[in-house]
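Two complexes follow with chain A in common, the first pairing it with chain B and the second with chain C.
Now for the complex of A and B:
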């Protein structure tokens, strides 16, 4: 990234402010809308500052893995489409998009929010496969948190397609939705110099020395974590970052309704 | 039984409801949105910017590069696997050909203009919606252009000549269907995209195209209005 911009972000933080005037623990204005794709089984669009993401859930039928014949599957896929940022290129998924996919995925998976056994149609033969696709239209930072939050909104809104002779009829949906036993919410805290902040913009992400994503549940229980960036963290910093993530998750949870 | 009345009550020459917008993706140099019925396309234009690899650079003219992408949940059937497919590559190529006649490549030698199109939901006619959105985005990016490009599919559904087929008409089982995606430079009447799938007599084909002229004008009007609105909004912001 532009070294001058990085220094600028750092200098501003030393004086106690962010380039867009926010406090360190302040999220940008956030809006979630569901039912934005008529072809998806569930969908949501999240806008937060200039970041704009569409998340769709497609529920199809497939064969279970041979080692788990009575379990359906959940998969999250996030793509850094070149549409959304001039830095992204066409080609195979970059390591950044793979990491985002996996961190969002693990937040949902490890919380056991979706009981994969309940997705079984016929053991060993047919199971429901839940695909969550995170598609940024305009990427101005914080894809993991926003993709994860919109992912939960999309999953909550999803309805199963009707089964006709064992095959899904995508033109008819049942009233039945996914049973979610809890709602994991990922929050990423980035460290720039000695400052810890939430909801980084794209420039702040690039200026960050380290980051920590913490997915947590209603009662404050943690369900997945990922450290990123090159800098190390002290255990004191780790502690502070988790606290900040938990505090932020509480506010975000209200936005899901 | 022949197809006498369109299943959604439209007249033969009538398109579905159209919404066109410019300036929908802030990171892009230009962007456009085009919705026709339940088919929805976002287009982002980046450039002119440096073309890599440099061996592709041409000192006489720039390059226009299109990429069409269906979001994985945007199809009428199963999930569309992410990444390029034979279909999406071909559509990207015909999009380039459809848009080239209006773009002045000589204005940006050695450089490239990238057009990325994303579709969150589709109900047939997606390549035409992609071209219509891309054309708005190119104009929004401030590129020198001769005109917009308007695109819509026409077709013959079980004997009836129609404009802007939806999925149900495209997949009509009770009789033959011909699906003809078209793109036109409205001010000159030049056709820059023709494809056809299905069985049809030659005179029906010609009549089907003829019938679409008012639809092209309506689409071009919506595209031009979207671009004007974008500048009206920008002007209002300054004041």
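Now for the complex of A and C:
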């Protein structure tokens, strides 16, 4: 990390400014669009500042895991391509991309939003497999929140393909969508010095000492949390971060509609 | 010649936006310059940009595009590698530059010294390109007025094609932003801008640079920016050249960019130079120099 930039961000924060002029708890301008891909069962594109992410949902038929023969599966994958940020390299998934996909996955999974039992077609033989692919076109920070938000938008818009002889026919979609019992929204709060802020840009992410991602539901119930970064958090800070995340999730929920 | 004169015809107007392949003029009387070329008796554009008609010379000023290293340009480079005998810099262009030891500092550097104590990885420096070979090997120097290591602050990326407007005539635009915001400001020809000041003032400086970028092609920019900055800050702003831009370092808008042309050239503008490097060369700067 460019140490000078980190110091500069810190100095500005001490005077109450972010480098792009936002308030600490302010999100960048957000736009969500669904149905952007005709070949996916559900899709969404989210733009937030310079960050631009496409999420696609593929619904496939496959064999269930042997320990859960009557449950369908949910899988989230994040693909960080070099075209989205010069810091990324081609090759096997990086730690960042694995972490992003797992944190988004955990939010959706632990909220029990998708009833995996309802995805069963024939116990032990055939189940629906839901794959969520998060693909940043341009990565300027906050991949987890925006990927998770776009993921939920894409899941909401997803329609099952028609089942012909036990195989999906992707040319024809039914009107039936995924049954989502709730909408978890992840919000990441980063700690830089003594300041807590939401929606970090890429530079702010790199300057962050610690971060906490909180996925929550409409009533303020927490579904999952993930802490990252090297710095420690006091319990007081943790509570502040959760409060900030819940407050931000409320405004994001309105955008999701 | 009289016959050619009668046939010559300009097909576009001054300050038109032209696209590559567009026929600009017919006949032999008009002359192609930067961003235009002649094929048979027609002149075509090969860049998207604003067409400038200067007498009989046609050239385009590109609206966008990557920076290509050019001799005498003052740029902002980022250290990306420490070599045996110097530093490799990223120039925000397809070609990286080398800053050799002898051109890096006036200090005495001991044999085997730790080069990172002078310039470390990821640090930014203001430097001047003193050579671009036909193979696009770029050499830069830090010996000169205003050339230095940048400490603190932040780097802003701007459209390299708009840099001349951000600098203004003899640095007048830079000078206005400096007066209005009291920020330290250095603009590199390669589209990197270094900015350091109070956070609130920095935001104003960023805003004004973005405004210049957007409105670069609209005439009367300097006056408009002056009024805008005066309104924003409530300060009286004087229009004057910037001390960092003496007449001879004024950015040139003309001449081809990129590698040196082949063929005869006019007299060299700079003083004596090191040994010419046109002959066959060994591996480049991979081992210690003997």
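Note that in this section the second predicted complex is superposed on the first by the 257 of 257 C-alpha atoms of A that agree within 3 Å, B and C clash if a C-alpha of one lies under 4 Å from a C-alpha of the other, contacts with A are read in each partner's own complex, and residues count from 1 in each chain.
As a working rule, a residue touches a chain if its C-beta (ideal position, glycine included) is under 8 Å from a C-beta of that chain, and two chains touch if they have at least 3 such contacts.
No experiment lies behind these values; they were computed from the predicted model shown.
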Q.
In this superposition, which partner touches a larger number of chain A residues, chain B or chain C?
A. B
Q: Have a look at where A:70 lands relative to chain B and chain C in the superposition and call it first, second, both or neither.
A: neither
Q) Is A:12 touching the first partner chain B, the second partner chain C, both, or neither of them? A) second
(Q) Quick check on the superposed pair: does A:26 touch chain B, chain C, both, or neither? Answer first, second, both or neither. (A) neither
Q: Report for A:115: first if it touches chain B alone, second if chain C alone, otherwise both or neither.
A: neither
Q: Look at A:237 in the shared chain and tell me whether it touches chain B only, chain C only, both, or neither; answer first, second, both or neither.
A: neither
Q) A:86 contacts which: chain B (first), chain C (second), both, neither? A) first
(Q) Quick check: in the complex, which residue numbers of chain A touch chain B? (A) 36-41, 43, 50, 52, 54, 56-58, 60, 77, 79, 81-86, 90, 92-93, 131, 133, 135, 137-140, 170-171
Q: Using the touch rule from the top, collect the residues of chain A that touch chain C in their complex.
A: 1-5, 7-8, 11-12, 15-17, 19-21
**Q.** Sites on chain B touched by chain A in the complex
**A.** 24-28, 38, 42, 44, 46, 49, 67, 69, 71-79, 82-84, 114, 116-118, 120-123
Q.
Using the touch definition from the top, list the residues of chain C that touch chain A in their complex.
A. 122-124, 150-155, 196, 198-200, 202-203
